[in-house]
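Got a structure for you, questions after.
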Amino acid sequence: MDVLESGMGEVLLQDVDDVREWMRDKKTRALEEKVMDEHEAVRKFVNDGDYISYDLSSMVRGPMSIEREIVRQKKKDLWIAAKFTLLDTTLLVGGGCVSKIDVGFAGLGRPLFEAIENGIVKTIDWSNGTLALRHLAGAMGVPFLPARSLLGTDTFKHSGAKVVEEPFTGKKVALVPAINPDVAIIHVNQCDVYGNARVYGPSITPLETAAASKNVILSTEEIISTDEIKKDPGKTTIPYYMVNAVVVAPYGAHPGTVPGYYSYDSEHLEEFFAARSLEELGEYIDKYVHSISGHEDYMEMVGGEARMKELKEREWIKEGYY
Amino acid sequence: MDVLESGMGEVLLQDVDDVREWMRDKKTRALEEKVMDEHEAVRKFVNDGDYISYDLSSMVRGPMSIEREIVRQKKKDLWIAAKFTLLDTTLLVGGGCVSKIDVGFAGLGRPLFEAIENGIVKTIDWSNGTLALRHLAGAMGVPFLPARSLLGTDTFKHSGAKVVEEPFTGKKVALVPAINPDVAIIHVNQCDVYGNARVYGPSITPLETAAASKNVILSTEEIISTDEIKKDPGKTTIPYYMVNAVVVAPYGAHPGTVPGYYSYDSEHLEEFFAARSLEELGEYIDKYVHSISGHEDYMEMVGGEARMKELKEREWIKEGYY
Amino acid sequence: MSKTYTDVEQMICLSSRLIEDNRTVFVGYGMPQIAAILAQKLYSPNICQVYEYGAIGPEVATPFKRNMMADARNSYRSFSWMSMNRMMAQAQMGYIDYGFLGAAQIDKYGNINSTIIGKDYEKPKKRFTGSGGGNEVASLCWKTIVLMQHEKRRFLERVDFITSPGYLDGPGARENAGLPRDSGPHRVVSSKALFDFDEETKVMRLIGLCPGVTKEDVLENMEFEPVVADELEQLGPPTEDELKILREEIDPDRVVIGRVD
Amino acid sequence: MSKTYTDVEQMICLSSRLIEDNRTVFVGYGMPQIAAILAQKLYSPNICQVYEYGAIGPEVATPFKRNMMADARNSYRSFSWMSMNRMMAQAQMGYIDYGFLGAAQIDKYGNINSTIIGKDYEKPKKRFTGSGGGNEVASLCWKTIVLMQHEKRRFLERVDFITSPGYLDGPGARENAGLPRDSGPHRVVSSKALFDFDEETKVMRLIGLCPGVTKEDVLENMEFEPVVADELEQLGPPTEDELKILREEIDPDRVVIGRVD
């Protein structure tokens, strides 16, 4: 099982035993209330230079309010896992927070591409599937997992994967190294004050990301009681002991959507995508992030209760959610 | 990444590309009705010499009616994956169907142990966790997955796992080879005629087992409409295209329980466990399997409607099921 | 005679006819989403669309919204909602018959580039989205169908960056690299023509022409020379039915399909 | 004076006092299940029990039914219902503080045998259940507590078969084998005594005596000689509260705890 080939991409390697120790010592199994506001959550758990992972995006259930707070607090030099991302990467890069991106899907729009083309941020190319798999490896407490993708491509060459001949049947497989992010940011539909959380609908990797990460910030549409959680345990996606902070953030995915809850805000999205350069994106960010103090102000700014009601009504599909 | 050590246990190795080809050619993506009776399902999909895996057991949601049919049809020389098993292994071994057992948990009771001690069946020792992981590997289409258990033990030596030094951080890890069973037998709460199936409650590996297996027989407490499935897709554990046969088997887990539906039959279980030798177990099997023609007769024999109603009433916990 | 439909409509309609019914189809971001909806509404009602974000078998609600993937409409009335690792696993297992992708560039062996233009990875001339789920789709599904604008700068001898694998550098190369046996690019649908791949050389092969397009027109707009089939199929234009559904049901604002000038 | 409680009651009560509150506990099949229920009812209401069959944090309904694991009672009012691979992954990640196991045999390094007695694997003198989830629990949880009937044939110099790892053959052996750092056997609760493990030699160490049991009584009933602590704790008998809950709420039919002769 010799290594036949190694990708040249930089990888944040961590010893699985060091990660285990962190999970033992720094995450509590006590039923402690973890509710705090976004300022405190980001101040406490996001540091310059951190590796950050957020969950499902593509304008769907993205943890936008927390990401805006990260920009507001001017966190620097972040390394982000951009699996299936549209708004998120662009916002964080536009806010000057990012130095490296593990690319699954780098998002859309010129400002982000401009930052890459100009060398402002460095990319390490993977794929959505292998980034998801790296989170699964991180969540399984193993140093790597095998895959039959990446092989033969330049994506492989620029990734940090390796090719080996496996010892059971002699197949060539790619091995992808585990990711254990410093921080996970996940927007959920419901959770209790301890962090037992429900995610409705299809998903990228909410459980894997929460399990693998050293610090986990949940933002949630609403808090429900632990009794309600216990009445339907099959709905719990993330157990409380993986979670460090719970931030109540109704409409926290705006301008994106939370399926079954509210539609994305297509008018606002046009404003976002109208930014065709980093400079123009900077103006958007000044307006919607730096000029205001937090998510509550933001919601007022984008239309308040009335607008939210409208977005809720636009979401006519309810089946299968809640 | 040299192999440092290899377990001596026999492994049914399959080339992942051969398995892929089977999944392409032998399982249909068409929405075909797959409902058939237990006789036909077992006749069609279980062959002498097959590797068989059943899902969650320990008297919970075990596919007992199908297992009784396998005994009734006197299938021979089966190799079974005994993860978390109590009744199932004992019944199949008692019925003379089994030649090899991959042991996670070999079950309880003297008859089974007698068969092993006398060399009637051969064991290959693993653990529940690594057997589950081998099914996950099979369900991921990779030849193996890594684990940090088994290491250093005689369980490892008698398993078919290997130890390697992995190439990212130099850790020693165990690699367990994929299982792709010839047949999976899974008892589910509900499914539609195509095999879109719901399993409620915690579980061992229903999805992994269905995905990994070349033929999948579902037995189900009830059939529901596809429309109902589509109204709540988050509840679907197994998608239809993994499934080959759907057998309607209300109370199919008897004398075990289906959580939230009906309790186990403790009185009948005493009769089962009263068999202290293979010979006595043979008498039980003659009575409850060979002397009758199938599940319907069996249900009559063990008390019919009245008894079933009783077992349903005993199951006072309903929260979280359905 | 001016055309009564757009290039995008042509590509979408043509590709929607290529999906066999009763098959699983791994649908990529963008145009393929629309083509899959059209296919299901018109030609192959029983395809089972699957998406990297975890939806299995949705009846995608229309109208389709630009840039949207994974929202409630895209996931509507699925058979099951799973997650990315599970979907990729199922593709890896061989459960997914077709992959359906768009791309920025393709080369003669069907290798796809959606990462960068230019040879300097650190400072690319142009950066695109990267693989997304494309690498998995092209690696793991049995047959990949690629949708491409037909332009010379997009049909290259060799792409600047192989994001997702075609036949790499020819016969046997996929298997040698460890990719699943018998998988690979199946069809390329461009705004001018239809291609498959030559069985012996694994080079892209011209097999059909869009209405009003000549063989020369196709070849002039490609950097490499494809194999050309002995007989070229004359491909039909978008039908009235197709256009009606596209324009009235699927994309009434014409944000993806565009408008005829 | 005849005893007013059984050996099993002694072991269950003693072990129930060992679990710190606010910790995750991976509970194995059999006696540990009952001990965990008792612990949660009496001493550590906020432990989070986890089970290999996927229940996280159940408030197990009583009375407890013999041989039952994974049924609705065992899963009652959980925080989450998952599956085996996910639970094992979480233990592997370091999320699970305690492992709680029963065993047929144990040796001086805390290695557990629940597979066979005899040296011929093909034709064992006696066959048991095998690992179950025990190998994962003993490998992956931080601290393992083992419940054992105190008999000479069960406390061995070396078990016939290491089903689940203790300290293997001494200091450093777990780490050398690749097992997680700083994990391993924490306590052994027998029907006569309480043991931990000597930090330097990793050999089982006697630290406490059950009521009415002498050190000699303990040592005579072990094949190997454990390290003996300088001071031996005098362990209390089952309390009235403990017995009441055990006999009235948890196991009224006394199928597990048994009856005093």
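As written, the chains take the letters A, B, C and D, and residue 1 is the first residue of each chain.
The rule is simple: a contact is a pair of C-beta atoms (placed from the backbone, for glycine too) under 8 Å apart; a residue touches a chain by one contact, two chains touch by 3 or more.
Keep in mind that what you see is a predicted model, and the values were worked out from it rather than measured.
Trainee: Chains in contact with subunit A and with subunit D: which ones?
Mentor: Under the touch definition, subunit A and subunit D have B as mutual neighbours.
Trainee: Could you quickly compare B-C and B-D and let me know which has more C-beta contacts?
Mentor: Looking at B-C and B-D side by side, B-D shows more C-beta contacts.
Trainee: When the centre of a chain is set as the mean of its C-alpha atoms, what distance in Å lies between subunit B and subunit C?
Mentor: 40
Trainee: Would you kindly tell me how far, in whole Å, the mean C-alpha position of subunit B lies from that of subunit A?
Mentor: Centre-to-centre distance between subunit A and subunit B: 36 Å.
Trainee: Averaged over CA atoms, how far is the centre of subunit A from the centre of subunit C? Could you give it in whole Å?
Mentor: Result: the chain centres lie 28 Å from each other.
Trainee: Do you know which subunit B residues sit against two or more other chains?
Mentor: In subunit B, the residues touching two or more other chains are 16, 141-142, 147-148, 171, 173, 201-202, 207, 231, 233-234, 319-320.
Trainee: Two-or-more-chain contact residues of subunit C, please, as numbers and ranges.
Mentor: 55, 75, 77-78, 81, 92, 140, 180
Trainee: For this structure, give each pair of chains that are touching.
Mentor: Result of the pairwise touch check is A-B, A-C, A-D, B-C, B-D.
Trainee: Spell out the residues on subunit A that touch subunit C in their complex, using ranges where they run on.
Mentor: Checking each residue of subunit A against subunit C gives 56, 58-60, 83-84, 86, 103-108, 112-113, 116-119, 122-123, 125-130, 132-133, 136, 147-155, 158, 163, 171-174, 201-208, 257, 259-260, 263-264, 266, 269, 315, 317, 319-321.
Trainee: Under the definition above, what is the set of subunit C residues touching subunit A in their complex?
Mentor: The contact residues of subunit C facing subunit A are 29, 51-55, 61, 65, 67-73, 75-78, 81-85, 88, 92, 111, 115, 121-136, 139-140, 161-165, 168, 173-174, 177-180.
Trainee: Quick one: in the complex, what on subunit A touches subunit B?
Mentor: Listed in rising order, the residues of subunit A that touch subunit B are 1-3, 11, 13-16, 141-148, 162, 164, 166-169, 171, 173, 175, 177-178, 200-202, 231-234, 319-320.
Trainee: In the complex formed with subunit D, which residues of subunit A make contact?
Mentor: Touching subunit D from subunit A are residues 16-17, 19-24, 27-31, 139-142, 196, 207, 211-212, 226, 229-231, 233-234, 236-242.
Trainee: Quick one: in the complex, what on subunit D touches subunit A?
Mentor: These residues of subunit D touch subunit A: 22-24, 46, 48, 55-57, 59, 75, 77-81, 86, 89-90, 92-95, 97, 140, 142, 180-182.
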